[in-house]
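Chain nomenclature is as follows: A, B, C, D and E, assigned in order of appearance, with residue numbering initiated at 1 for each chain independently.
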Amino acid sequence: MSSTAYFFQQFINALSLGSIYALVTIGLAMVFSILRLINFAHGDLMMIGSYAILMLFNAGLPVWTAILAGVAISGITGIIMERLCYRPLRGSAEMNTLLTSFAVVVLLENGAVLFFGPNTQPFGILNFIQPTLAVGSLLISKIDAITVVLTLAILILTALFIKKTTLGISMRAVADDLTASQLVGIPLNRVIVSAFFIGSLFAGLAGLLWSARAGKIFPLMGFIPVVKAFVAAVIGGFGSIPGAVIGGYVLGFAEVFFVALLPPDFQGYRDAFVFVLLIIILLVRPQGILGAKAMERRI
Amino acid sequence: MNINAISISFGGVKALDDYHLNLAPSRILGVIGPNGAGKTTLFNLITGFIRPDSGHIYFGDEEITHWEPHRIARKGISRSFQNICLFNRLSVIDNVIVGCQIRQHPSLLSALFKTPGFKRNEKKLRDSARRLLSVFGLEKQSDQRAMSLSYGDQRRLEIARALAARPKLLMIDEPAAGMNPRETEDLLALILKLRIEFDLTIILIEHNMNLVMPLCETIQVLNYGRLVAEGTPAEIQQNPEVIDAYLGDENDIASHGS
Amino acid sequence: MHSGRQAGYTFMALGLFFLGIYLLSAYGNHYYQRVGNLMMIYVILTVSLNLSSGIMGISSLGQIGFMAIGAYVAAILTLPPGLKERWLTGLPHWMHSIQTGLLPAMLLAGLLAAVVAFLVGIVILRLQGVFAAVATLGFLIIVKVIAENWMTVTRGGRGLSALPAYTNLWWTSTAAVVTIYAVWRILKSPHGRSMIAVREHDLAAQSVGINAPKIRLLAFVISAFFTGIAGALWANLIGVVSPGSFYLWLTLLIIIMMVVGGMGSVTGSVISAVGFTILLELLRGFENKIAMYGISYIIFAVVFLLMIIFRPEGIMGDREFSWRNVRRIIPLP
Amino acid sequence: ADTVKIGVIENLTGSMASLDQPSLNGVKLALKEINDAGGVLGKKVEIIVRDGKSDPATLATVVEEILGKGVSALTGLSDTTMVLAAAPAAQRMGVSFVSSGATSPSLPDEVGDCLFLEPFGDNVQAAAAAEYAYNDLGAKSVWVLYDKAMDYTYLLQRYFCDRFGGLGGAIISKATYQTGDTDFRAQITSLKSKKTLPDILFISSGPDEIGTIVKQVRDMGIKIPIVGGDGYDTPLLAKVAGPAAATDIYFTTHVALDSKGTKAFVENYNKMFGHPPENGFAALGYDAFKLIVNAVKNANSADPKAVKTALAATQGFKGVTGTINYPKGIRVPQKSVTIIKVDGGKFIFEKEVMPSEIPAP
Amino acid sequence: MILQVTDLEVFYGNIQALHGISFNVEEGETVTIIGSNGAGKSTTLLTIAGLLKPGKGEIKYLGTSTKTLPADRIVRRGISLCPEGRRIFSSLTVYENLIMGAVQRRDRKKIRADVKWVLSLFPDLNSRLDQAGGTLSGGQQQMLAIGRSLMSRPKLLILDEPSLGLAPVLVNQIFNVIATLKNDGTTVLLVEQNARRALEIADRGYVIETGRITMEGSSTFLKSNDQVKSAYLGG
């Protein structure tokens, strides 16, 4: 393998890892931008979506039907979650909602262990898609290509939605000032539920692709993606959807290239390097790369 | 206080352009001008919350242009905020005590061991805060949280907190906003009294001419960040440019003011 | 109420508390002693977290990183020399022959945690809200990664074991009392008021002369100091430190304890740490009875959700215990 | 007492649950068989189960709780760190602890004379793998990938490299990942960029990651044989990687689950739990428990001290996972190692070996 | 009668802010409530808008009770409150702020026309349509807040201290706008510290003291009342 081929292969690896991170992050950022809520249970929505797809598929549903239904189930779970856990807390301190989402994680993960058992299960739903595509000496995984396209499509659609539609602007207004949105007559519950539903659909979709890449699912599988997404969202600028995508790619590239470029003895420090990078980015741009341009608080 | 040719712009908009000020001790200066003229920006510059693009600010004989806000405050400049900025969940009296603390550097150890000096100090702080609150008519609310005060009372508390820091220069941004004419009159009397009691130099931003005209010795008028007029209240009131851009055609002071 | 009398009550309460500690360590079984020790460690962790997060308002997910530092420092110091020489080849030679007791280990653990907090704080405390949260989480992960990879000093993923079991109820309870006292005194001092002022409105606080970054750093460092001490106690209680022990579950647990107790209330933190330790043990008992493992955490999460929904400000809000209030309910002499 | 009490500590929730729950199932199966056969010393056997929640502090607490109930011995746990948190309390009380799944050979010495391993040490299986790779597969060079966050995976590759190097093999380079990673392509690409490719890959991984790793290795067009340890011993390997990818893989483990000696175990397990054993830890849990009961019988007493002495003297105990002998003063059993070959997703018994030289723990 | 409030009591936690307030507003009228700081004016308005829930009492709008309706449903019925302290959406642009005022409306064309209309009332905003609301000066924010509440085309417009922080010219302008609205038939409920001007423009007024209505009457009556003069209008 020539060194340029090596570089390009690693580039493709980074791109593919970045897109799945980006896809997970979009949903998280969406909910955050509306509710100022870091929904750590986002990863568990991925888990629930994946289990639903697998169970429906095993029950005999055609693949695509199972996938649609599973993604919808994760959307609906999101709505239920909002109704039961987040709505009663609306408007309370950031720390409270953050913790609540952690509590939801504890609830769902332990529930899933009880319900599905702790063991890993194979997830081969998308195996019929031929794994790799060879371009010259480069290998591109088809699932990854699909992920990239899907991520970009979702990015464009949500960005337009948030900027241009009344529902989108309402979501930002709710994010800005809950009381004032009530005063101008924004139907709060409807707006928030919509945001949650969309975010959770994205979680379901991301769950599908994540599980297909890993080839397996297990009750605690949501944890790592949500932490990565949290980091990516912050790098990109929390609340900004394009920022989420950029953050996802930055993270993907950082992880792959730390491993690619560092001697093996240092590979173990990958996550530490990633966080050092994150902190540096934040010191230069405290609001993240695309975070609302450091709008000073007027006093 | 001495300000030399400061300018600042936000994304192309000149919020303050080549502004000058020379203020002798114990004077009261009024700054008026249309909304968005740059008055609050001026306050933010003087108190160090934003940095000018160019120009210099002197207080006494020191240049404070690039100082941190807390250092400027310790030097003797206190302010109130146009958009109320209280310590919401602290009690009213603690808001004032935090202001009073400015001249103190008790060590952490004295607090840990609750030395007699520490106790004496705490009592002194509380007493002087209580005195200030009673001056502002807030003594009854002293144990409530600041956020539970009504708008007008919050404005008073802002001024009380600023005063608690025993400033040489007091800068108040629209203190009479949200007060009715009667309350404005009381405020006027109060400021006059405090000025003597604390030997204050005052810069005041206010849209209510009922407060500005009788109180200020000099008035500056800003428009689009530029100083357009400076003079005594009487002069300003007659200035056609000011009437046109700010006071309004019918000059409300005559027809509606008191 | 007369302040001398209040002090009298306080001393009496302390006396009763230590009498209880004496009875437990002399006559209680190992299990109760162990729970008691953990309870006191949780009290220290929660109260010190409250100083930086509740009172000072720093959204920190990295507190347990300081505990990890404290625990490793104490582990390295108290590890028997023979093992040290065999395992920790990265340590300077003179350290191989040193084995300290618990007190020096504790103090050094706290000190090193504080020093790290100082360095980290200078960088991280410039960030706010979620940004601070993720940066502190980053700190936690960095600590874990270093512990996992620095083979010659931390022994990597295997962790350090065979630590002497120095920790007992006397140590933990004394450390807890000292922590509570110190945080309480700070809260009631000008420093404490400045902290709250900065939390409530940092710009306004600066306008009355408070050096906001400095006071935030102070709170962060003090809090890390006590957390480091808790780490040392933990290390010599459990006997093994490993990177995975100081991670998200513990982080979550102490934040929950703090929030349910009331952010800003020392009393609340104490009540809540004690309460949750007992609650978790009871729930575990229940779980064992019905043999549905995992149900205790589910109930725990539900209890927390209900608490936060119906009492979002926590058990105590930001109020504190006072003898005056006790007298209102129970007639004391 | 009218029953013999044995404590079982497992991490039934949290990150270790996928190893420890099968282990507990193994214990339950053994318990049922023993009690159906009349118990031991004429008494029924009773287990006291506690969940350690994959958390050292919880483990340290529950072990005190169990010890307070007067047990004859303890078993459970599949991870060294977890054992280190739980076992010292048992050591203090003089109650023996048979670790069902932890395989670090130095563990007994770190805790004391009450700690016994049921499985062989990692040094034994790693040496077996190295000898098999060098002699039988004819491998002269190896590339190593291991999980840096886990004690087991670290030690396994270390012992492997010791022995493989000792035989004269070359270690081309090593790469690492972290538990929970799902993407290994950066590491695999760096392998592909090597000027000369190694003869084998030694991948030291836990059961949850190995399937994904194998899948990605094969997806990236690498057909080199893969060698590993008992972490591979799970149906997941074939199912996650797919039959096409799960080929030309060799691993060491305790027992071939399809061999004659284990047939009854697998069948009974299936009958009791409705599915075959999830992984090798089920058999280990089963054996560890029977080993303790065997010691109770040999001691003719349920007293912890006597049980400990009897355990230390165990000779020729036949379990599902092999025959256990504790040589004098050594509490890691000398057991033969089973080598399994994976071909088209099928596990095929290759041979049973005893390594000729074992790296020091 | 467009609005009828009877015996309203409102609590903040344990603190009672309103002790039984009754008043009413007729269709097309402009009514003002005056009172000193902390009297309970804002509390009253927030309760009408549905942001605070009354402990006791009744609020009837166009004959039906609004007590249990959520705030957005109240807006839909035609009540719009421009709150004290502006509360514009600081991260939204000026234009988006205005659009949010009309979030309940579906008639896109007319919304666009109304944006033009509001901008004609407050020409200062014209050049700032794409500026983030939060960066406006205090007075500009106030104009935006009023403009935003006009965007819902309310039947009953409630203004809480609309002249707060405005330059004298703009105060004139705001009062002119109120006068225009009044002529167009909008009912206005006005709370204003500039009591003199409020009474000038209003038809009737109420005086509120520590949570109780202590006086009511026509504007001319109140203006000439000695008590009102000394307590609220100043010497």
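Here is the rule we go by: contacts are C-beta pairs under 8 Å (C-beta built on N, C-alpha and C of every residue); 3 or more make two chains touch, one makes a residue touch a chain.
All figures in this text were calculated on a predicted structure; none of them were measured in a lab.
Chemist: Using the contact definition given at the top, which chains are in touch with both chain C and chain E?
Modeler: A, B
Chemist: Pick the pair with more C-beta contacts: B-E or A-E?
Modeler: B-E
Chemist: What is the distance, in whole Å, between the centres of chain A and chain E, each centre taken as the mean of its C-alpha atoms?
Modeler: The answer is 43 Å.
Chemist: Please work out the Cα centroid separation of chain A and chain D, and write it as a whole number of Å.
Modeler: 35
Chemist: What whole-number Å value describes the gap between the mean CA coordinates of chain D and chain E?
Modeler: 74
Chemist: Going by the contact rule already set, what residues in chain B reach two or more other chains?
Modeler: Those would be 40, 49, 81-83, 85.
Chemist: Which chain E residues sit where two or more other chains touch them?
Modeler: 135 - these are the residues of chain E that touch more than one other chain.
Chemist: If a residue has to touch 2 or more other chains to count, which residues of chain D qualify?
Modeler: Within chain D, residues 12-13, 15, 148 contact more than one other chain.
Chemist: Over in the complex, which chain B residues touch chain E? Could you list them?
Modeler: Those in contact with chain E are residues 10, 32-37, 40, 82-84, 148-153, 156, 174, 177-185, 207, 209-210, 245-250, 252-253, 256, 258.
Chemist: Give the list of chain D residues in touch with chain C in this complex.
Modeler: The touching residues are 12-15, 49-51, 53, 55-57, 60-62, 64-65, 67-68, 80-81, 84-85, 88-89, 92, 104, 110-111, 148-151, 154-155.
Chemist: Along chain E, where are the residues that touch chain B in the complex?
Modeler: Contact set of chain E toward chain B: 12, 15, 34, 36-39, 42, 84-85, 124, 135-140, 142-143, 161, 164-172, 193-197, 200, 230-235.
Chemist: Would you tell me which residues of chain B are touching chain C in their complex?
Modeler: Touching chain C: residues 47-49, 68-71, 73-74, 78-79, 81, 85-90, 94-95, 97-99, 101-102, 104, 106, 108, 111-112, 114, 118, 125, 161-162, 164-165 of chain B.
Chemist: Spell out the part of chain C that touches chain B in their complex, as residue ranges.
Modeler: Interface residues on chain C, with respect to chain B: 182, 185-186, 188-191, 193-194, 196-197, 200-201, 203-212, 218, 264, 318.
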